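Think of it as A, B and C in the order they're written, each chain with its own count starting at 1.
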Amino acid sequence: MWRYIVRRVFVQGIPVLLGFTFLLYLVITIAPGSPVTHLRGVPNIDEETIARREAQLGLNDSFPVQYAKWLGRVLKGDLGLSFDSSRRPVADLIMERMPATILLSLCSIILAWVIGIPVGILSARYQYSALDYAVTFFAFVGISIPSFFFGLLLLYVFALKLDVLPAGGFFMAGEARTFLGYVKYLLLPSITLGLSDIAGIARYMRSSLLEVLGHDFLRTARAKGLGENIVVYKHALRNALLPILTLMGFTIPFIFSGAVIVENIFAWPGLGSLAIQAVSERNYPVIMGINLMFAVLIFIGNLIADISYAVADPRIRYE
Amino acid sequence: MRKFWQRFRRNKFALIGLCILTAFILAAVFAPLLAPHDPNRANLRMRNQPPSREYPFGTDDMGRDILSRLLYGGRISLSVGLVSVGISLSIGLVLGSLAGYFGGFVDTFIMRLADIFYSFPFLILAITISAIFGPSIYNTMIILGVLSWPGPARLLRAEFLKLKTTDFVAAATALGARPGRIMFRHILPNAFSPLLVSATLGVASAILSEAGLSFLGLGVPPPAPSWGNMLNRARPLHILAGMPWMWIPPGLAVFVVVLSINFVGDGLRDAFDPRQDQTQQHD
Amino acid sequence: MRKLLAVVLLCLILSAVAVAQEPVQGGTFRFALTTNPRGMFNPILYTEQYDSYIIDLVYDGLIYIDEQLQPQPRLAKGWEISEDGLSITFFLHERVKFHDGVEVTAEDVEFTYKTMLHPEYTGVRYGSFKLLVGAEEYHNGERDDVPGIEVIDDYTIKFTITEPYAPLVTQFGYGVLPKHLLGDIPVGELEQAEFNRHPIGAGPFKFVEFMTDQHVILQANDDYFLGRPNIDQVVFQRVAFDALPIYIRQQRVDYAEISPDNYAEVSGIPGVDLYIYEELSYNYICFNLRQPRFADPVVRQAITYGFDRETYVEVLREGFGIVANAPIPMASWAFTSEGINEYPYNPELAAQMLADAGWKPGAGGILEKDDMRLEFEFLVPEGSRVTEQMALLFQQNMADIGIKVNLVFMEFSAAVDRVDAREFDTFTMGWSLTVDPDPHGIWHSTSPWNDPGFYHDRSDELIEMGRRETDPEKRKEIYAEWQRIINYELPTMFLSYGVTVAAVNERVQGINTEPGPLGPLGGLQRLSQIWIQD
């Protein structure tokens, strides 16, 4: 197992991250627009000041040199300084916002699993019943709504009309940080972010369980006179859950991508607005830092999914 | 094929989905005949009009006819879905086949490339690319297509690995069939069903992604209508609350079409997968 | 004038009549921000507007700009300008303290301004002070002192410049930094100082807390030399753009600035007053005069006659705004309407003018002359609904007079890139202006921001005269003549002056209910006098 992990990280992970960062840096440096564009609005600014700024930010170097310098710093554990006026370390900017993004992503994943799996089980258990059709229908509804629009509708109904939940944000200044408060602020964004996953997981669970139920060993179990409930919940479930674990690895990148939009709608203090701001300002170190961070997280997520798959299924052994 | 159609027909949802989808596609194709107005002609004296005889779905904040925009928007949204999946399928088909057939270094290289593309947080890259080339309908298609090729590629590769060891391919090889022939005559047809399923779902998710990009101002640029940018225009709360005719039609269109595609995809999966037959015997 | 009156009337109708009452002590004032500050709370290093809100309250400068846009003394009791207009001496208040209790002296003022000239200074404000005697040599590392900044005693400081510069006084509003806290940090490393995130100034409010992407809290300075503010706390609360109307409606924020695009979402909310005011800004459509087809002013004038700017303002902007015909906004003292052509919408006249100038319909009905063709790209930065509508209207109006406009929507940064490279036919953007009307930065032929490529000898001459002239009346006349030139030449088509809507909760008292260009809070100056009446 350890050998497998080490191999995954060094043989697969490192080259992928190198290729990824190289391509991304290339793309953002050839993109039109410059990191000093916004200085245009400063009164009385002269060209010399802008030229100095460009030199300071290392923009006069060619692309390979810029990338090499960036990579060199990253290997030493330094993500560089943000290009915006605050000139803060990129690592700080990311670490300040990371917890909020992880919290939101985790909540929506948990929500998706806690709702999706039981719903999927029930739907399979009572296949072709009214319940199954209802679940199927609502699952498809969940997959078919653009998340930004669903978020806006939630805001409109729960924040404006019913006035029971806050219209986004994360605690007003001076508000006590109670558990209930967290729930209040997390509810709408994590439902918005988790919606399509709830639906996806319910669907997946249903078909996975149905497939397992058709297997021979369960027929044997039934033949031995075990009740249908015991067959489903005790024997089939364990086997049906396996493929769902790989699904987790797959959903992680989508959760992070989705978080960018959801955080924007709900003013969630995570990485989403930083990411969008950084792209529109051509803030290279921040764009690179966030993407690297996400790429690493996605890689780890996949690794964990694969390992848990191996742990759960004794037939799989990674060499 | 007939058996396939019988199985497909048994799934009521899938059948309904197929009908709805066909209707939407026809409406989009014949939009110029069906649309009562020029979708881009602004009429500032008729802004924000609720549905009426003249404007069956009302007008938007530029006084443009929403029905006409919906029909033309369908052309754009559907073609964004279809073309981008076409792109990702083509790339995925070629690279996946190469990786699966040749194995070894080629396989490693292509699969690492797939991992790289897979690691890109989709939206961030989409934002950046759309900034480079300027947002346009074609760039939206290319972005969505190029970023999602690893899916079909992996699928195809897996199918290759599975079939490579089977008897009939081994037999074909033994009989001296050339590699290209083996690929096209024996393996691709077998990979057809999972690819088709994943393609239908790809179309659905591309339509949703276009809507998401529109939200960030990076989808199909104005004034051309797409369902995504029509929805985005309805964002202000006073429109959401007071002028539902601006968002219900495009919202419902996205929803119904994506829903139908999903139903069809689901029906295809069931119809292609004979194991489902066994499962159903227990009920 | 008619339109100015309309705006004033609108303000009167929309503003509640303030009842004269005794100020109440205490309470929290919540200011909504849709973009969060960067956390560079240093007056000589920040570049973002949102950071400036905090800076304006935490620091005091030598002067401040009042609601009539005139410089007024603040940390300085007053100032004296020499006869030749080349030097200015400020006399500081005594016993004014920074928030840490240390007294503000002329040394701190010297430190603040000298740092902006330092060779290693990383900020962007050097350009505003390079006229100081010795500044350039000091900046280039050729000398160690700046003779143009002279500390006379603890409470007196004198600045000398190399040539007369009319806007001089307005440049001294930068918050004064505490030398005792920053003096030992190398200037090149100042931008990394922890101080920037926990600023200490001499202003009416003390900095308490900055939570990234959430809020900034400031607290009344009990020892403020002009008296403690009435309110206890100012909170800048970050709010999602889409949710702002909900926050206003639910009275979770007391004050929000919104674009007129969103007016409909906030009008008619009980307990909330809306104030509309004209900002020091305008938007425009810029022609690329480097292209022969735009070289003739008649073409520019005809296009302007042919564009229905009244509809743009009255319908698309819902009446928020005033059609602009020259680059100095109505809110400025230098504005003139005398001899200014208003170019009212007149497509027939536009077509006639073009025909008289020799343009004839060619292929597709598009006007042609020699080898020039009136079909061009119109670059539009994305993001604003009204701008998008304006572009569509422009396209339709131009089609009516035989001009084909191809819309190119682009992300803002990318659009600026094209403009900077001069790779455009026409584009639309806006300018925010300084308090002083000096147009040198945008319109002088040597300016890097002269995007249209406008070179006009008399215009340059007037701009230079206006900078040197210290007599306000004469200066006004110079700028009046200059505006008439621009109004005739139209290197850019002016669309409208900027307008902002402020939504203010009724419980906030002591605001300006007939706001000038700085809004109901007078910049943020009034925050030290307003009170909350629950």
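Just so it is clear, a residue touches a chain if its C-beta (ideal position, glycine included) is under 8 Å from a C-beta of that chain, and two chains touch if they have at least 3 such contacts.
The structure displayed is predicted, hence computed values, not measured ones.
Remark: among chain pairs B-C and A-B, A-B carries the greater number of C-beta contacts. Distances between chain centres, each the mean of the C-alpha atoms, put B farthest from subunit C. A separation of 39 Å divides the Cα centre of subunit A from that of subunit C. Rounded to whole angstrom units, the spacing between the C-alpha centres of subunit B and subunit C is 46.
Measuring from the averaged C-alpha position of subunit A to that of subunit B gives a distance of 22 Å. Residues of subunit A in contact with two or more other chains: 31-33, 152, 155, 160, 264, 280. Counting partner chains per residue, subunit B has residues 131-132, 235, 237 touching two or more of them.
Annotation for subunit C: residues touching 2 or more other chains are 242, 246, 411, 413-414.
Per the touch definition, subunit B reaches subunit C in the complex via residues 40-42, 44, 47, 61-62, 130-132, 134-135, 217-218, 221-223, 233, 235-238.
Within the complex formed with subunit A, the residues of subunit B that make contact are 13, 112-113, 115-116, 118-125, 127-129, 131-132, 204, 208, 211-212, 215-216, 228, 231-232, 235, 237, 240-241, 247, 251, 254-256, 258-259, 262-263, 275-276, 278-279, 282-283. Within the complex formed with subunit A, the residues of subunit C that make contact are 28, 30, 36, 38-40, 45-48, 51, 122, 124-128, 130, 191-192, 196, 209, 211-215, 217, 235, 237-240, 242-243, 246-247, 249-250, 252, 411-414, 416-418, 432, 434, 441, 448-449. Residue ranges of subunit A in contact with subunit B, taken from their complex: 12, 15-17, 19-20, 23-24, 27-28, 30-33, 127-128, 136, 140-141, 143-149, 152-153, 155-156, 160, 210-211, 213-214, 253-254, 256-257, 260-261, 264, 275-276, 279-280, 287, 290-291, 294-295, 298-299.
Put simply, subunit C touches subunit B in their complex at residues 242, 245-246, 262, 264-265, 311, 315-316, 382-383, 385, 388-389, 392-393, 396, 407-411, 413-414.
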